[in-house]
Each structure stands twice: as C-alpha cells, then as structure tokens.
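Once you've had a glance at the structure underneath, I'll fire off some questions.
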C-alpha cells in the first residue's frame, strides 16, 4: 500500500460506489476522476455523459469543464442541454450524478448559490448549473465535499439542490419520482443516509483520520456508531488513477509526499 | 439576413436595457467579439439571460454594461469556478441576479422558441430556486422583468395533484451566438455541442450570428441534416474568425489557457481589470487588430487538430 | 443493446395490448418489417400512438392487430388521402380513435422523452380536438388509456389567465423506428428528416430499431453531431435492408409507387386485402424472402441516387 | 388567354395571394402548386417549409406528400415535426399556411376529421395532421375547397381547425395570438372574410361561373354584393405552372380540352 493524497482516496472512494452499467452524469474535477477510474477498473459498461450534451465521449484528455471541446470527440451523440439534462430522469437509466457544493445539511440538501441572503449577500458561488436538475431527477447522487464545520451545517444559507429534503419520505411527498443522495464523499471519509430517517451517518473514515475528528468537523450531530475504517486504495487503483486517468495531475494536484 | 461588422450590429441592433441571451457555455463558443464590441460602445443596463456562463458574462459584468442577470451558473470552469467579476458585482449589489437551474433556463428558451405559453418541470421542487426571487419586488413587471419568477401548479393528470414548477418562456430581445459556418444566404451550422444556442436563437426577437467562416450557401445545403438555423431566423451575420477567443470553438480552436490564466490573475482586482480592458478591449476596432494583439504564436498553439477538434497536448495548467 | 431478428424482437419484446409508437411519417421510414412480423405473429389489441401515419398503420389495422389509436392523421399521402383500412375500421367501430394534431402528438412524445409532467400549447383551443374524446368513457383510466384526453388550464403568467391546452406525456411500451445506420454498439443515425422518431424512442420503455446498415461503431463516432440516439436507449437492433419498403428511406430508396398503387387497388376490399396479406405478409419469415418477392427490378428502380437521396425521374403516377 | 382547368385557376388564384417574403407552410397537392408558382413568378424570396421538418428544400421534383424524400434535398435545415410546427407561430415570421378540408363553415372553421359523430360515424377523413396547428398559429391561412353545398355547411360535423370561431373577435378571445383565414379558394371563386364580422363573402368568381351558381353551392348565406369576376390566368402564369411547376401533371391532372 503506497501513500496517497486525500484527493486520490476521494476519487477512488466515489468510484467504488459506481455499479457497472450505471450512466454517469459527470461534472469536472473529482467527479471526472471518479467516473473515469470506475470505468477503467470495474464498471467498463458504464457511460459518462455531460449536461452540455456530450454523450459517452472518448475522453482521451481530461476535460477541464463540462463545455471543454474534449467532451465532443468520439461521442455516441453530440447534442445540447435539453437532451442531456432530460436523460437524467430517464426511467430506464440508472443515472448516477456526482455533485459538489459549498454547504450540505444532514439530509444531503445542497447549497451552491450563496452565503447570507439576496438582500445581504456574504459570498457568491456559481449557482446550480445542472446540480439542482441532477439532484431532482437522477437515480442517485454522490456528493463530494471538503469536510469542514462551516460546510456541514444545520441550515443551508440557500437551498439549491434537493437531497432528502426534511428526511423520511419528504422527497417522495414533494413530488420527486426517484433519486436522492447515496453518499457524501469527503476528504475525511464516506457518509451515507439512514434507510428510514434519511439522516446522514458516517460509514467509513479514511485510515489517516478518525470518527472524533469527523464529528468535530461536522456542524450537525453525526451518527458514527456504524463507522469502520475505509479499505485503503490498492496499488492497482492508484496506478490507474495516476498513470491513465490524470497523468498530468491536472485535477489530482500535487502528489503525496512520503513523510518518511 | 444582413452581413455586418460587429460595430454595425451592436450600433443598429442592440439598445441599452435590452434583454440578451448569450450563446455558448462557460469556456466554449462565447460571443466574445460581440461582448468586446458592446463594451467598446458603452452599452448599459443590459439584462442577460443565460444558463451557464462564462467569459463573455465576466467581461460584460466587469465593464459595467449589465444591470440584471437570469442565470444558472456563473463561472469559467477550472479557470474561475465562480466568475470573479460576476461574484464581485453580485456582492457589491451592482447587478441583480435571479437564480435558476440549467434545465429550467433551457426549458424557458425552448418554450420561447416553440411558442409555448409556459413550461413545467419537477426540477427544483422544494428548493430556494423555486421559493426565492433574486430580483427586487419593485422590479417585478417593470420592463422585461416577468411579474413572477415562476409558480407552482397542480399537475392536472396526477391523481394526487402533485405540485410542478411552471416557468415563463424567454423571448430575449437579442440572441448572440457564435457558429462555425454561415452560408451566404444565412443558413447556420453549429459543430460539436450546441448547448442551448439553437433554442436561444429561435426564441429571440433579433438574432446576431458571428461565425468563423462564411461559406457558399450550396456548401451547407449539400448536408442539411447538419445545419442548425434557416436564413429567415437570422437577422445579422458578422464574420468573426477566432470570434470566441479566448473560449473554444470546436474544430477551429481550443480555449486559450494562457489568456484565461492571465484573466484569472487580473479579474479579482478592479484596477487590474480596468487595465485589462484598456489593453485587450478598448483599443481594437476590428477583430483582426485584436488577433494581432493575441499573436500568431498563441493562435497557432490553440488551433484545433482536425482529428480531435481541439489542440491535443496543449499545456492547460 | 441486443442484435435480434424481427421475429425474436416481436416475440420477446412486444406483448398483446402494448402501447406502440410507430416511427416515420405517411410514406417515409415506416417500420414495415416490424409491422409485417407483428401481423405474422398475430399480435392483438395493440394501442398505437402516432402523429401522421401511414402504411404500417394501414397493415396493422387491416390485419386486426389494433384495438386503439391516438393519431393526428391517418393516410398515405396521394396514394390514400385517408387510409382505407383505417377508415373502414373506424367506421365499422373495430378500432377506437382519439384525435389530436401533429404538434400535440409531437409535444406529448417530447414531454415523455424529457420527463415533463405535462405540456401546454395554444394549438386547438376552441376545437373539437379539445372538446371531444374518441375513446369510450368506460375505457378511461383502464390499462394505458389516460384518465383524461387533455384538459384546459389557466395560464398563470397571463394577466387575463387565458386558457391553454394541457396534454399528458406519452411513454409508450414500445417504439418502433427505422434508422439508416446503427453502430455495432447501438448508436443510431437517422438521415434526412427525423419526424418525431427521436422523441418517440426517448419516450418509450422499450426501443426496437430496424436499420438499413449495421456499421462499425467507430464509423458513426467519427461524426457524433450527426447521430440521433446513444446505445443505452436502444434495446434491440434488427438488421433490415429495405426495412421500410414500400415506404421510402432517405439516401437508400424512394417509396415504391408500383407497390403503393397495388395496395391502393386492394385496400378497400376485405377479401382482396386478406389476399394481399396472404401474398405479401404471411409467407415470408425473413426480410430477404420478402425482398425476393418484391424483386430485384423494382428494388433497383426505387434505389436512391446519392445526389438526391431519392430516385429522380421515378414514374410516380 | 388560353383555356385552363379549375385546378389551374385555383393554384394561380391562391398563388396570387402570397406576398414576397412570406414563409409558406405547404401541404401537398394544390398548396404545393400555389406556393411554387408564387415563388417562381412574384415571390422569389418566399420560402416553403413542411411540417415534417424540411425547411426550404430545393424541390426539383414535386413531392407527393409532406414526407416525400423530395422535401429533404438542398434544404436549409432538415429537422423534424417539433421544429417545423414551432415555426408556424414564430412572431417574426409571416407564415402563410395552405389548408384543405372536408367541411368549412361561414367563419372559415374547418373539419378534416369525420362526418357524423364518434358514436355514429358516417365518414372518416385523415384528421388534423398539422392543420389544426397551422390554423391555430400561422400568421394567415389560405383554404382550398371544392365548392359544394355539402362542404360549405352551417355547422361542422367535427370542428378540427380554428378559423374565426364564432366570428367578430372570438378568435382573439379564445386565446390565439394571431392568425385566422385570409381566403377560401374554390373551384368556382375566391371568398374572403368581412373585416368586422369575420363572415365569409364572395370576392371574385371565375370567368366560367357566376355568383348565383356559387350561392347555390354554398350551404350558408353568402354575401355576393362585392363580387367581381376574377382576372383570368395569364399566359405567363399558365406557362410557369404547366412547364416548370408540374410538367408531369402529377397534381394538375388532365389538361383542359378546348371546347371549340
């Protein structure tokens, strides 16, 4: 087992959640890595598509945004937003969307719009993009977060993308036909949601941290009673990620430094 | 269809306060020549309607041309996950912003293009996108601001009458889109992803198309399956080689990482942004003059390899 | 995606009573091989949802496979301005028919394809299309028959609250479309007009694509702008050269005026229509055998000239 | 002035109603002739499009249906029904639609669906196709009819396509943004609609008939007080129609026989 960065274990942890055949709605950054590594390792029949309209492109080079010309080559279809975003909710597709956000609450609801209010804004993020659409219509959502108390909050400043709403069966009652967050993958571990209450709990923590640290970085009560330590990245996983998926480390960033 | 210069198109077809749809997406096929020309001509109080933008949005907002934005995403991908000028203008309340999702904005353009009275979706149920309005109450129903951002309706076909989100159509005064090819009669062909450009153009009252190449009409009509817009929907065509620079244009050039990183450096700072406008926008009364400033070396570096449609191996750090 | 014979596709993927969308339009790209195979296998109580059809509709209705039709136009152009078998079955009350307009049907397929809860239009306000239902009241809400044909809603964005027509989406059990090209992995390309084939395929639970040519997947992926459907939406592909005969297939062959005129002769009369089925449908367990019956001479006469995509100078009287 | 058939004068009379630059929504048959002859004679900038998606095709040979492969060649755009039918109502286009029908009433409302009722059907026609859409959304509609008492009726058996509804401002009140029938071109003459009441009146009758005959063939009271005789087809019009537009007489049918 080699050394690895938090970014690397995040990408691999998310990739492990993909089932072969899932139709992957990828953004850029970590989600590109997770989708690509899963396709290369255990989900070869999975297909990546982008909200911009690139359906199953060849992806010889990593796209830096979903509108990168690299998502237009070797595709099954090049279309546009209307077509691509409509695929998200297609009942015959197990669409899995990767999303990030600035804030998350205990039901996996997301804020990627602003801090403060419209009247008194404190910070501005890009906004939903396709995130609200994916969170509303995909079969499942995997969320990437930096695990920080200011991001894991009791109440979102702005509610951009629907998770489990107020928990329980609130999501179905609101009118959504399916979906909801499957997992939250952070730089410290992987959170899932209780079957009945839909509240977040800690499923696994990475070898370099512990549940106490995670609780301290979470702004709402987090059940850690089921938590186990994560299986570290295998040499094969790391090799694929580093040598095939992002050899330029455009998204991976600086490599891990051996502390020894 | 009328062939025009960018200056003529902006002067004759775009008024202060117009509602304008920008084509492209974040770093791709932004109508950059038109954005620079609107800045040069000092357009004011523009009302932008966009899904995910983008470099043109950054320039126009930064230069003070914009009063109001309906938007799903304001950023330039890895070069600026949130657009610096967009963020600053929002936080300093220099612009009013109404937030939507990409699908919602696309459906609104589509409804406008198809003459639908409104359009419904389940996307956004229960969220602040549906609950909150970013435009001030006093702006409602004024000028082109819709009386309501959106509304909830009961689905008449659902036995339980579940709520759905009803959105008003968009019919902007002007759509600015950048195409790869326009025929001499005005037929347009977008290559690669079309984003919502076709819907935006069909929804708009006035359509201005900048393009990489003006080609014989017969060339495009040999393969009408690949064409995007008929001449009678196009009001003005502007010849604009590298017209989307520094954003990408599939099959013609990649985004320009050098320029985008330069912009990233200066965009946070008001004075440096002003200096950027002085260096890259105001001096150039033609696209050719602007491209001279960019320089042949950089243009060659980003030119697309026809096997890929982008510049393989380009240093994008 | 699975490569199948027509017989296998009909046997394993189409059940009696299924709601089926037929691709193509009147005399163009009808899924004729599939229609003949459904007749051979004696499918019953089919529920067709179509815009403007067409030769496949005539055969299926005539052969007694159909119980119910939602339709905008039942005819075969100049060869039968109103489809003879369609008209007869309607007048003899062997089928129930619900009438819509082409735009209404297209919007319903589109709503089904896009997951919209419903879709609204102004088309048809005040008409019997909106006022009257062709399906019997007792059929309402049974099986796949919607509880309401359509309904009027007040436009929430109109200050006067004008009425608009709200239509339920269509999500047929099966879509039968005929494409020019399918890649080995399942990517589909329709050439020429796409009618509502793409919307129908995206709306359906099961998609069966017959095609002129199965080609290397890489061939289609060299030009993804021209492709119509990704593999993961396609359930079965059936190799079907001349699969739309006697209707046309752009770039491959024209409609067959000789066969269409022959059909016109026999279609009014029950006995002669039965004899037609005995001669042209029941005997052939393969497309090749059917084409032998049509004959090389006729196939050569209708083959498309690549310069036009149809057979110029074809005797079409 | 040569001899001519009713079909020929119908095609030419309708063609004369086209203004240069109109965007023509054509069906097949007579409407193809009218649109093409107008384009060739006095409306060269007019463009023909078909509900099937063929936008401004070259039309070297006459299409026999709107789905004829002849509407897919040399077009500006080949698309589909959604795109083409949406053009009908585009506010910046002066779209003129040519429609036919089995029945018409005095306000230009059309039946192309059935005689009798759904419960007791007596006759079946193809149905709306795009006719209801064109009648609802086009800038103007030109209607072709065989002038027969059973077709010009007080009350339609089935109301397929909206004309002026109950007359006056009924069309606007019903929610239509524009449009309405401009003229009815029959084998006997050309009818228009009174400015205020929107009731049909006889504008011109062909040289081979007279207002009395037309009144007799009309199943509702028809104002003939404005009627004048139509200008007969010119030699140029007939030459274009016969030699350029439909040399095979696929739509024109048998030529006129000189009675002399």
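So that you can tell them apart, the chains are marked A, B, C and D in the order they are listed, and the count of residues begins at 1 in each.
Definition applied: a contact is a pair of C-beta atoms (placed from the backbone, for glycine too) under 8 Å apart; a residue touches a chain by one contact, two chains touch by 3 or more.
All values reported here derive from a predicted model rather than from experimental measurement.
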{"item": "Chains contacting each of chain B and chain D, listed by label", "value": "C"}
{"item": "Distance between the centres, which are taken as Cα means, of chain B and chain A, whole angstrom", "value": "28"}
{"item": "Distance from the mean Cα position of chain C to that of chain B, given in whole angstrom", "value": "38"}
{"item": "Distance between the centres, which are taken as Cα means, of chain C and chain A, whole angstrom", "value": "41"}
{"item": "Interface hub residues of chain A, defined as touching at least two other chains", "value": "72-73, 78, 82, 86, 89, 137"}
{"item": "Multi-partner residues of chain B (each touching 2 or more other chains)", "value": "115, 122, 162, 164, 192, 225"}
{"item": "Chain-level touch network, classified as line, ring, star, complete or other", "value": "other"}
{"item": "Every chain pair in contact, whichever chains are involved", "value": "A-B, A-C, B-C, B-D, C-D"}
{"item": "Residue ranges of chain D in contact with chain C within the complex", "value": "28-29, 51-54, 60-61, 64-73, 78-82, 85-86, 89, 113-114, 118, 121-133, 136-137, 156, 158-162, 165, 170, 174-177, 248, 250"}
{"item": "Parts of chain C lying in touch with chain B, wherever the complex brings them together", "value": "115-122, 146-148, 151, 153, 155-159, 162, 164, 166, 168, 191-192, 225-226"}
{"item": "Parts of chain C lying in touch with chain D, wherever the complex brings them together", "value": "24-28, 51-52, 71-79, 81-83, 86-87, 90-91, 93, 97, 99-104, 106-107, 110, 122-129, 131-134, 162-164, 192-199, 248, 250, 254-255, 304, 308-310, 312-313, 316-317"}
{"item": "Chain D-facing residues of chain B, complex", "value": "113-115, 171, 185, 187, 202, 205, 220-222, 224-225, 227-233"}
{"item": "Chain B-touching residues of chain D, taken from the complex the two chains share", "value": "23, 47, 49, 55-58, 72-78, 82, 86, 89-93, 137"}
